[in-house]
Structures are given as structure tokens and as C-alpha cells.
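Next come two complexes, and both contain chain A; in the first it sits with chain B, in the second with chain C.
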Partner chain A sequence: MADPTATRVRSVFGSWDAVVLLALVLVAVVGAVTVDGAASPRFWRFVTLEAIPIALIALPLTLVVITGEIDLSVASVLGLTCVTVGQLWLWGVTSLPLVIAVAVVLGALLGAINGLFVTGFGLPSLAVTIGTLALYRGLAYVVLGDRAVANYPQSWTTGAIRPIPGTVIPWMILVVGALAVVVGLVLHATPIGRSLYAMGNNAEAARFSGISVGRTKFWLFVVTGAMSALAGVFWTLRFASARADNGTGLELAVVAAVLLGGVSIFGGRGALLGVLAAVALLGTLRNVLQLAYVPANTLTIVTGSLLIASVVGPNLAGRARERLRRRRAIGGPPVTTATPNPGEET
Partner chain B sequence: MTAVEATTARPARTSGGARLVNRVFLVRELGILLALGLLVAVTAIANPRFLGAQSIKDLLLGSTILAILAVGQAVVVITRNVDLSVGSILGLSAFATGSLFVASPGLPIPVAVLVGLVLGAICGAVNGGLIAAARVPALVVTLGTLYVFRGIDYRWAGGRQINAADMPDGFLRLGNDTVLGIPLLTLVAVVVLVVAGFYLRSYRGGRELYAIGSDPDAARLSGIPVGRRVFFAFVASGALAGLAGVLHAARFGTLDANAGINSELNVVAAVVVGGVAIFGGSGSVYGAALGAVLLTTIASALPVLGINPFWQRAAVGALILAAIGLDRALAIRVARRLRGRSSHG
Partner chain C sequence: MMRSGTSRPRVASSGVLAALAALAFSVSACADDGTDSNGTGQGGTATSIKEGLKIAFLPKQVNNPYFDTSDNKGGKVAVEEFKGSYSQTGPSEASPSAQVSYINTLSQQGTNVIVVSANDKDAICGALNEARQAGAKVVTYDSDTNPSCRDLFINQATADGIATSQIKLISEAIGPDGGEIAILSATANATNQNAWIEMMKTELAEPENSKLKLVDTVYGDDEDQKSFAEAQALLAKHPNLKGIISPTTVGVAAAARYLSGSTYKGKVQLTGLGTPNQMRAYVKDGTVKSFALWNPADLGYLAAYAGASLASGMITGKEGDTFKAGKLGEFTVGKDATVVLGDPFTFNASNIDQFNF
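Presenting the complex of A and B:
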């Protein structure tokens, strides 16, 4: 489902990344000027705290979506790791590194199950991860029921959200930043990254050109599971609470950020910068609106509309341009390449 | 895979292959029925009261709304699309019904039903319009409208709650009355199911939905108005979600802005468990409805069997994985059989 119109759209808008970044700056500046408190360091601390888990999951999910797959089970993996952290604490495990290690390994295993179903058995990832969304969340309920584990040591909970010395920004953002650099380099500067786009555009062709599509996708699911687990540990410690329903519905927020960031749901297109900008944009917008006493439900409407606009806008603009181009081409020799793909004709 | 899809789209052709495929998919629906029967039998043996009149009524009532949503979703999924906004449409329509009765208590019930249907159809038309006209992926658009419709619902309700006392008795009775032991609501669902099933099976427009789901490009090239058909699939799904909203209001009486929240993935789960391929082109609304009944039955059977009800969600997840795994195995088998036939003449 590669969409040549989309490439043309990019030249209309410059690049989508730039559009999202611009929107982010606009929201931040307008917010800072018009809304009381939206310029304060405290404000940015909250925005960052909120964005950290979403960014942690969005990083690997971007790669998954670029290869043409999807993982809807991420929030359930997060929930199950939250519960695991709580259960480990109840069992008397007092070593935080051990807890983190167990959680991340568990997340990787859960991701491996997704990957096995998708690449090993050849099942559609949308259906598989809707299944594991229910399964993993269900297991979280099986472990903790409706109880909550909340009595973690102070050093764990404040440690997770401790600011970078001299600022109020939580240090975890540095971890996110480092991971983003790694993922960005892999995606945009290595043969592996190019192969991800290739398999998103045409898995069959990618396979024939010697890319091990199955194995790559499998490991992407594993990494997505591990990163969701890391987000789960952070979630537990930030809210000092492990409950089975932690992060319910977060999968749609993360997917919304990835798609708003310009990644095509059909794969083969998108960049990491746009996704990170979209995560920041949604977080900033939410907090600005909250500070402006706009009811939270308006934000739901704004998020949804942004998401729709992010696919409809470029598409319509591209089609209009295409029509213009074809009108100009009339009279000239028959330009068969002017037909972007049969799917665009009616 | 393509062989499977192509032949299921034309049941009129009576080649051996088509008959085989039909049989397999009949087996698929019988499979769910069998699983359902087994579950009910085991549960009834554990506790005979599970088959009591009240318990069966609760079970049917519980699956009705999910089944109606699943029928609409199946129509959309068959065209290789998905509608994630159904839960939000249900919420909007349920609250609209409640507010309508608060504003004018004497309103005839059919009018309320009609308003719910039309409201749902309008929401569906928004989805379908964006998807068919702007040609953007359904998953993204309906994820967006999931937020938008729910947001509108929140704004409108603004934390208010509508109680059963605000609604006319006749309307609430609609939600609880039975005819010969079968709840009225369930009869509504059965009518919806039969009409949708008949249309998909025996009408040209219905068959074209399968053709679109099997291969949208081929469908377009063979002259099927793909955009229009997909648009109407979404309108149908929206209208059914609207109807489900009215029934939700009648059944529960108490309404706030959260009606039907997070139900979209349950609906997709019911459809997938019911044997509708997530990439379109095969399956039936009967299967989807059976899937909805099976999911609801699991939920009510677990406590009766003495299993921690917290296992319910996990069981549903495992069931989805089993169902798609089974479909895949069946599809591979059919494809191999068909290939075998054609190579031997």
C-alpha cells in the first residue's frame, strides 16, 4: 500500500515532521503567553512526566508500524508489569535493579509471544495483539485482582521522578532521549532501518531481496514488550501504585501519537522525529488546556480531530495537487505514470 | 489464501472447491456453537440453576447488545475495514435517548428508537464519508472518531446522570419484558441478525461487500462501487450502534457519559472469535453474533464454575488467539486441498 501521492504531499507541506514540530512550538508559545502558569518550570515537569511512558512505548512501536504491523497489547504489557513489580515487592524483593530486570525480561517474553504468533504462525498482528491485549490485562487481574500495592520505599518512588540537578525536569527524560537517539540512528542511518521501510512497503519484495522479515519483526515485538515493561516500572513508581488496571486504554493514546507523528498505518513511511514531536504535542496540549480550565473532555475531541486531520489533510491536499497536475498534462502525450495507483481511481 | 477468498465470495458457483469452502465455514460456525454448547453443558452440570429461566434471560439480555454491535462490526470487517468508534456511538445514542425522555416524557417509544438509529447512522456517515471520500485508513479515522464522539458525549452530559425514574415505564419495560421467556431485546437482535445475514448472503450489494474485502482493487476494476458500498457498511454499523445505545438505555435505565466505554475491542473480539477474517472477505454475521454470545456466556459461566471471575478477561484473550489460529489452520488446509484438486484436473 505504498502511496506515491504521500511523497508528493510531503513537498506540499515541507515535511510532516516539520508540521508537527511547528504545531508543538505554536501550542507551547501560545500557551505560555495566554495561559497563566503554562510557562513555569513546574508545568514542563508535569508534561515530561506524562510523556515519558508514552515516549518509551512509542519509540519501538514506531518501528513496528513502519514494518506494517501493529501492537495493541502494549498497555496491557505495561499493566502486567506494574502488577509484577507490586507482587515482587509483596514477596519481599527489595533490590530495585532485580525488580527492573525481572519486569523487562517478562515484558520481552510477552512481546516474544506476540512475535511468535505473528511471524511464526503468520497471523495478522491486529487480531493477535487484540487477543493478547485481553490476555495480558486478564493475567494482571488474576495476579492482583482489584487490590493495589502502594507501600514502596521512598527511595524507589522519588528516585524515579528525581529531577536533573539544577532543573525540575525528571532525569528519566535523559534515558528516553538516549533511547530515542539509538532508535533514531538504527531507523534512519543503518541498513536495518532501511530494511524496516522495505518490508513495510512490500514484505514479499523485501524477503526476496534477502531481508529476514520474520526474524526482524519478531525482535521488534520483543523490544516493544521490553520497553512497555520499562514504562510499566516507571508508571508504578511514579504513581507509587501497582494496580491491574494501570494504563488501561493507553494503547490508543500511543497509537494516536505514532500516527499523528506521520507514520503510515500501512507501513513503509514515517520518521521518529515526527512521532516524538507528536508525543510532546499531545502532552503539552493536554496540560495547557487543563491549566486553562478547559474541561478534559474537550481534549478528547481535540486529540481525535487532530488524528483525523493528520491523515485526511495530507491526503486531500495530495489529491487536489494530483488533479491539477493531470489537468495540465491533458494535451500532452498520454502520461500513464500520472495514475498514482489503481486504488486511487474511481 | 486468495483461492479461499475468491470462492467464498461466490456461493452460487457449485464447483467442488466452492462447496468445500462453504462446508469449512459452516463447520467454523458449528465449531463456535459446539464450544458454546459444551460450555453451557459443563456449567449446567456444575450448577443446574445455570439453565434456570432467570439465568437464561440474563444471559440473553447480556449478549444482546454485544451481538447487535458485532453484527454491524462484521459488516464493516468483511469489507476489510474496522470500526473502533462503535462504543462511543453507543454512548452518544444512549445519552441522547435518555435526554430525549427527560425533555419530553410522553414521547412515543418508536420515535426514540428512530432517533437513536438516525443519530448512529449520522455518526457512521461521518466515518464512512471520511474513509470513502478522503480514502484514509479506517483504523485511523475510527480511532479518531472514537475520541471525538466520546468527547461530544462528555461535553453534553457534563457529569450529569439520567436515572431510571426519568424514563417512562413503557420504555424500561421494553428492556426487561419477555415473550415466551425470551427477552424482547433479544428478539430485536435476532431480527437484526436475520435481516443482515439475509442481505449479505442473497443480495448483490451484500456479495459485493465480500468481494471488496477479498481484494478492493479487483473489486473496483470489476465495476463495484467500492466507495459507496464501504460508506454504507459504516452507516449500517453506526446505525446498529445507535440502536444498541437505545437498547442500552432501556435495559439499564441509569445513564451517564460512560455508557459503552472501552467496548470497541470486545466487539472486535466477538467478531474475530466468530470467524470473520480480520482482513475481510470471509465470515458471516451469524458467526459474529455467536461469538458475542460465547464471550458473554464465558463471563457468566466462570463464577458459576467456581473460577475466579478475574480469569474472564484472560480467557477471552486466549479464545481470540485460539480462534484466529484455528482460522489460519483451516485456511491453509482449504488452500492446499484446492491446489491439489486443480493440479489433478
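Presenting the complex of A and C:
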């Protein structure tokens, strides 16, 4: 479309990444200047450690949300993976690669169940994954109950959080970075990526233009499950403890990052850079505020407000633009589409 | 701009609503606790505790009445006595990973003593040890970590102390004539419950308790309804029953609710381990004369003094170390770097209104 409105809309939303990045820099700089300890390497080590599992899950979830679906079961997949790692260790499995392989395959299977219900039976992903959120967490309790499995070899636990030589930043961030490059390339530089946006905007039209919507979405759920499982292995080793309640509520943190990163919950819009910046922003902000002695209750309010702002902000901006467009269209043909969610591009 | 129907956006937006609602719920859980405990500031006894120590309490979660009592009514009082700087911080949900984040923050803030109740004995170990390497002393209270991750554990009560106090309370309630008693426990394989019951049997074998006869032990599985039904069944089965001991907070509250609404009220005595908020009504209506639990305020008070003694270099936490804890007197470090608060605290009609947890 060579429509100037569409171009303007695109440029505004193209800059949402920049807005989040700017906010991240702002928080980091203001924090470093005003809060004692927020400039130290240790501070960034802790922020990174917290961000790694969230980023691992946010990467595939971004793609899922762009296609107009959602997966709320990610934290429960993580929890079930944790107890599986624990159970394998109890059974005497001492090969870490084997443990990781089993965990990732399990995660992929759990994701496949989500994908089957959504694409095979055509059920709404919100309903399906709220169901499996409870189901997978329940299974985790069946496996370990209220027990915890600890006592992993130290090479496993310290290995998971070992810093990059010469720094204090954990090496796992390199894995996250590599995966981010892959996901980013797929999303922004391949026909597959374009097809994800297409099905998020209009699944019907995408189908008619030859995109296998069902199969693509199915595999996105599988990948999300596998990545959540990878995050689960990291979680287990980082905390040296496998419990059925590991990561409870983490899905909210991940969804918050994806939405704050500028991915539309309605699908069809968003970029990976914004999401990664949002993961970093949320983690940095929380740690800075914590260092500044802000109590937990206030922290929750801040995170909640940010999430609301990330949903409402673009919406209001879109509405303002729509009004502007109408005013300009006076004299022209009447505007018929008063969409509640303007700013959507095709 | 082609859009196929509106079903997807509507479904998705309800997802946003669900997420926002969940956040709103967690926000609404915040309650401002009026920390009005005024430090007496008379100190003076423990003169060699350094002034200006930064002591932080990290409970399992904030907004929890039990920990607000131990921290703000106990720990804070102690810290003000030795002129340190007190803070309570922690996650709003009782999760180990959230606690780790707070331990990291406390370490960066240069906290001298971290007093923590562990949400998981292993999961917070790494963070605690990193904080210790950075110079903090770690004292656990209420719920311990692996001994390798902390300097001292303040244990609220020993099995022996609990058993002795339970038998003493039921004996006092029933009176000198004695009679049949029964125990309403949690689950049949609960380790601590069974240890206490064994200790109670030993205590009952003592000559001064010869008039008390244990006739039954039943299990309410720490479920309210089941405990209620088990209490009911006990009285039907043993018409001469004079007293019930329920060393679990769920069991003792359920049994009290049954007794208070039955003809046995005041005739069959009940004691156990309970919390003042759950038991207040039954103490006031005469169903229960007294029950026990540790005093969380004393627990926090002792933990603060223990931590300050460690940070001041007065003790190292090895077995046999002794230190003074203000109004509570002198304590000795026992095996596994553990300090025992003492015998359980007895709650009755005269003191129950001073407690809110």
C-alpha cells in the first residue's frame, strides 16, 4: 500500500522499539546516578540472571502472539520440566546432556498438545492454555508433591550461572543472544516471518494466499514448549532446587514483556527488538527500585501500571491518528471503519 | 484493511483483562501495617554490639501477620535497642526465586545482617553464600536453609519443649483428678507430629502425670472438615474423655469449633498449638483455657540480637558460643549452629489480645 496513512502508522510503530529502548537507557542511567549500587557489574549480573529465563520464553512467545494466539501455559511447562529434571536426577541419570534432551523433548510434547488443541480442534488458544496452565502444574505436583529435589553436582549448578571469562555476566546470555538472532532473522527477514504477520492480521486471507496457518501455528506452540523447558532446566540448576511450584506466575512476567515490547495482543504487529528491550527494561526497573528500598507492594503497582500503559498507550495514539485522518478526509468519502483497534496494518 | 470478524481480538482482549485482573488482585493484597512499636532504647546490657549495623529481615513474604509480628514487633525493637538500622523487605508472594532477588539486593545495599525465613532450603543457598562472601552475616529464623548457607538458625522450639508444654497445659485444664485424653494430630506420617507425640508419651509416663491416660490418637490430615469430624468421632467413641491435645493449628481450631457448639463445651478440655487469631473466639467463650505456640515477636527479637552479635564479631556461630539478647537474657549456640528460643509461649484469656497473627 502506498497509502501515506499506512506509512505514517508504520513509522510510528516502528519507533515503539525505540521508545522502549530509550526507556531502558533512561532507567539504567538514572538508576546508576541516583541509586547506590545500580551501576556495579554485580547489579547487571543479577539483572541478567533474572532476565535469562524470561527472555528464553519471550522469544518464541513473541511469534505466537504475532500470529494472534497466546500461550499462558509456559510457566507451568517450566514447572513440569523442573520436577522432571529433579525426578531424572533421583533416578540416577547423571548425564546433563541427556537430562536437557529429555526436558526439551518433553517441553516440545507439552507444546504440541497445546498446538493440537488450538490448530487441530480450532479452539481458542487462551482457553486451551489456561487449561493446560492448570493441568501441567497439577502434573508437576503429581510427580514431586511438596518435595524438593536438590543436591545436583556443583558442576551443573555453577555451570549454569558461570560468568563469561573476564566479566561477571553469566554465559547463558550468549545462548539467549544467539537464539534471539535466529528468531529475529526468521521473523524479520524470511517469508515465514512475513507469513506470521499475515496470519495475525487476517488468518483467512493468509490461508487463501497459500500459507499453511494451522501447521505454522502448531510448530510455534511446539517451539514455545521446548524453549520453556530449556528455561526450566536453567531455573532448576540456577536455584539448585526442583519443586512443583517453580516459576509460578512467570507467564505474567513474560506476557507483560511481550506486550510492553510493542507486540499487539490482537496479532499482526510487533518486533523482536522491542520485546528484548522490554524484558531488560522490566528487570532493570524492578532491580533499581528494589535497590532504592521501594517495597514489594509498590513494585507490583509499577509493573501493573507499565503493562496497562503498554496496552492503552498505542491504542490511544491510534485513536488520535484515526480522528486526525477523519478530519482530513472531510469532503472525501465518509469513513466507514471505526475500528476499536486502529493502527492495524495489512 | 481486511479483518475477518472480531472473534480473535475479543478473545485476546479478555486475555489482557485476565492478566490485568491478576495484577490488580496482587496489588489489592497490599496492606499497610502500622509499625507503631516504639523501641525502649534502654540497651546498655550488650555494650559491645556495634552501633549502626544494617539489619534486614527477609520473611517468606510481606503482608503476612505472622512475620509482621516477628519482624516489626520483635526484630525492630531489638535493632532499636542496639541502635542499628532496621528494615523489612521481601516478595509479596512466598516464592524462593523472588526471595533470591531480594537477597541479591540486600547484599548490594551493604546489609550487615540478613535475617531470613527460607521459602526453600536449597534454592536460596547460592544467593545467601554470595551475600556472605560480600560480607553479610546470615541468620535464619522460622524456616531454616541448609546449615552450610547460613551462620546461625534461630529455632522457635524443640520437640521436647513442645511436648512438655502440651501435657502441662492439658493437665492444668483438666485439674488434679486427671482422666482420659486423646490426641488429634495432622497426618499419620508427619515427622514432626510423630516426634512430638512420642515425646508426649514419654512425658505421660512421668509420675506427676499418672492420672492422665492417653486413650486414642486420631488424624485430621490438617484438613479443617476432617479434623472437625475426627473431634466429633472421638467424643462419641470415648464418653469419659476429659481432654484433647491437637498440636497442629488446623486441628486445634477445628476441634475448638466443634466443642464450642456442642454440649461438651467447658466439660471436655482442649489445648494444642494454635494461632491467636484463629483461637481468640474460643478462648473468649471458654471452650479453650490456654494453648501454645512460640511468640513470633521474641523469635524476631532473638534473631536480631544473634545477627548483631555475629556482625560485631562477638561470636562466630560455633557450638558453645554465648551471647546476650536484651530482655530475653543469655543464649548458647547448640549443635549445627542452632539457637533455641525456648519453651513455647502460652496464650490465654489474659494475654491473647496483645497478639495479632
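The criterion applied here is as follows: the second predicted complex is superposed on the first by the 308 of 346 C-alpha atoms of A that agree within 3 Å, B and C clash if a C-alpha of one lies under 4 Å from a C-alpha of the other, contacts with A are read in each partner's own complex, and residues count from 1 in each chain.
In this text, contacts are C-beta pairs under 8 Å (C-beta built on N, C-alpha and C of every residue); 3 or more make two chains touch, one makes a residue touch a chain.
All figures in this text were calculated on a predicted structure; none of them were measured in a lab.
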>> Under the stated touch criterion, which partner chain does A:124 make contact with: chain B (first), chain C (second), both, or neither?
In response: both
>> So in the superposed three-chain picture, is A:138 touching just chain B, just chain C, both, or none of them (first/second/both/neither)?
In response: first
> For A:218, is the partner it touches chain B (first), chain C (second), both, or none of the two (neither)?
Replying inline: neither
> Looking at the overlay, what does A:234 touch: chain B (first), chain C (second), both, or neither?
Replying inline: neither
>> Quick check for you: in the superposed arrangement, does A:204 touch first (chain B), second (chain C), both or neither?
In response: second
>> Output check: A:316 vs chain B and chain C. Expected answer is one of first, second, both, neither. What do you get?
In response: first
>> Contacts for A:37 in the overlay, against chain B (first) and chain C (second): which applies, first, second, both or neither?
In response: second
> Which parts of chain A are touched by chain B and by chain C alike?
Replying inline: 72, 124, 126-127, 130, 248-249, 252, 255-256, 259, 265-266, 295-297, 299-301, 303-304, 307-308, 311, 344-346
> Along chain A, where are the residues that touch chain B in the complex?
Replying inline: 72, 117, 121-124, 126-128, 130-139, 141-142, 145, 244, 248-249, 252, 255-256, 259, 265-266, 295-308, 310-312, 315-316, 319, 342-346
> Inside the complex, what are the residues of chain A that reach chain C?
Replying inline: 36-37, 40, 42-43, 46, 50, 68, 70, 72, 124, 126-127, 130, 148, 150-151, 157, 161, 201-205, 235, 238-241, 243, 245-249, 252, 255-256, 259, 265-267, 286-287, 290-291, 293, 295-297, 299-301, 303-304, 307-308, 311, 337, 339-341, 344-346
>> Give the list of chain B residues in touch with chain A in this complex.
In response: 82, 130, 134-137, 139-141, 143-152, 154-155, 158, 216-217, 220-221, 226-227, 257, 262, 265, 268-269, 272, 278-279, 308, 310-321, 324-325, 328
> Can you name the residues of chain C that touch chain A in the complex?
Replying inline: 1-4, 8-9, 11-16, 18-20, 22-24, 26-27, 29-30, 62-63, 87, 89-93, 95-97, 100-102, 104-105, 107-110, 120-126
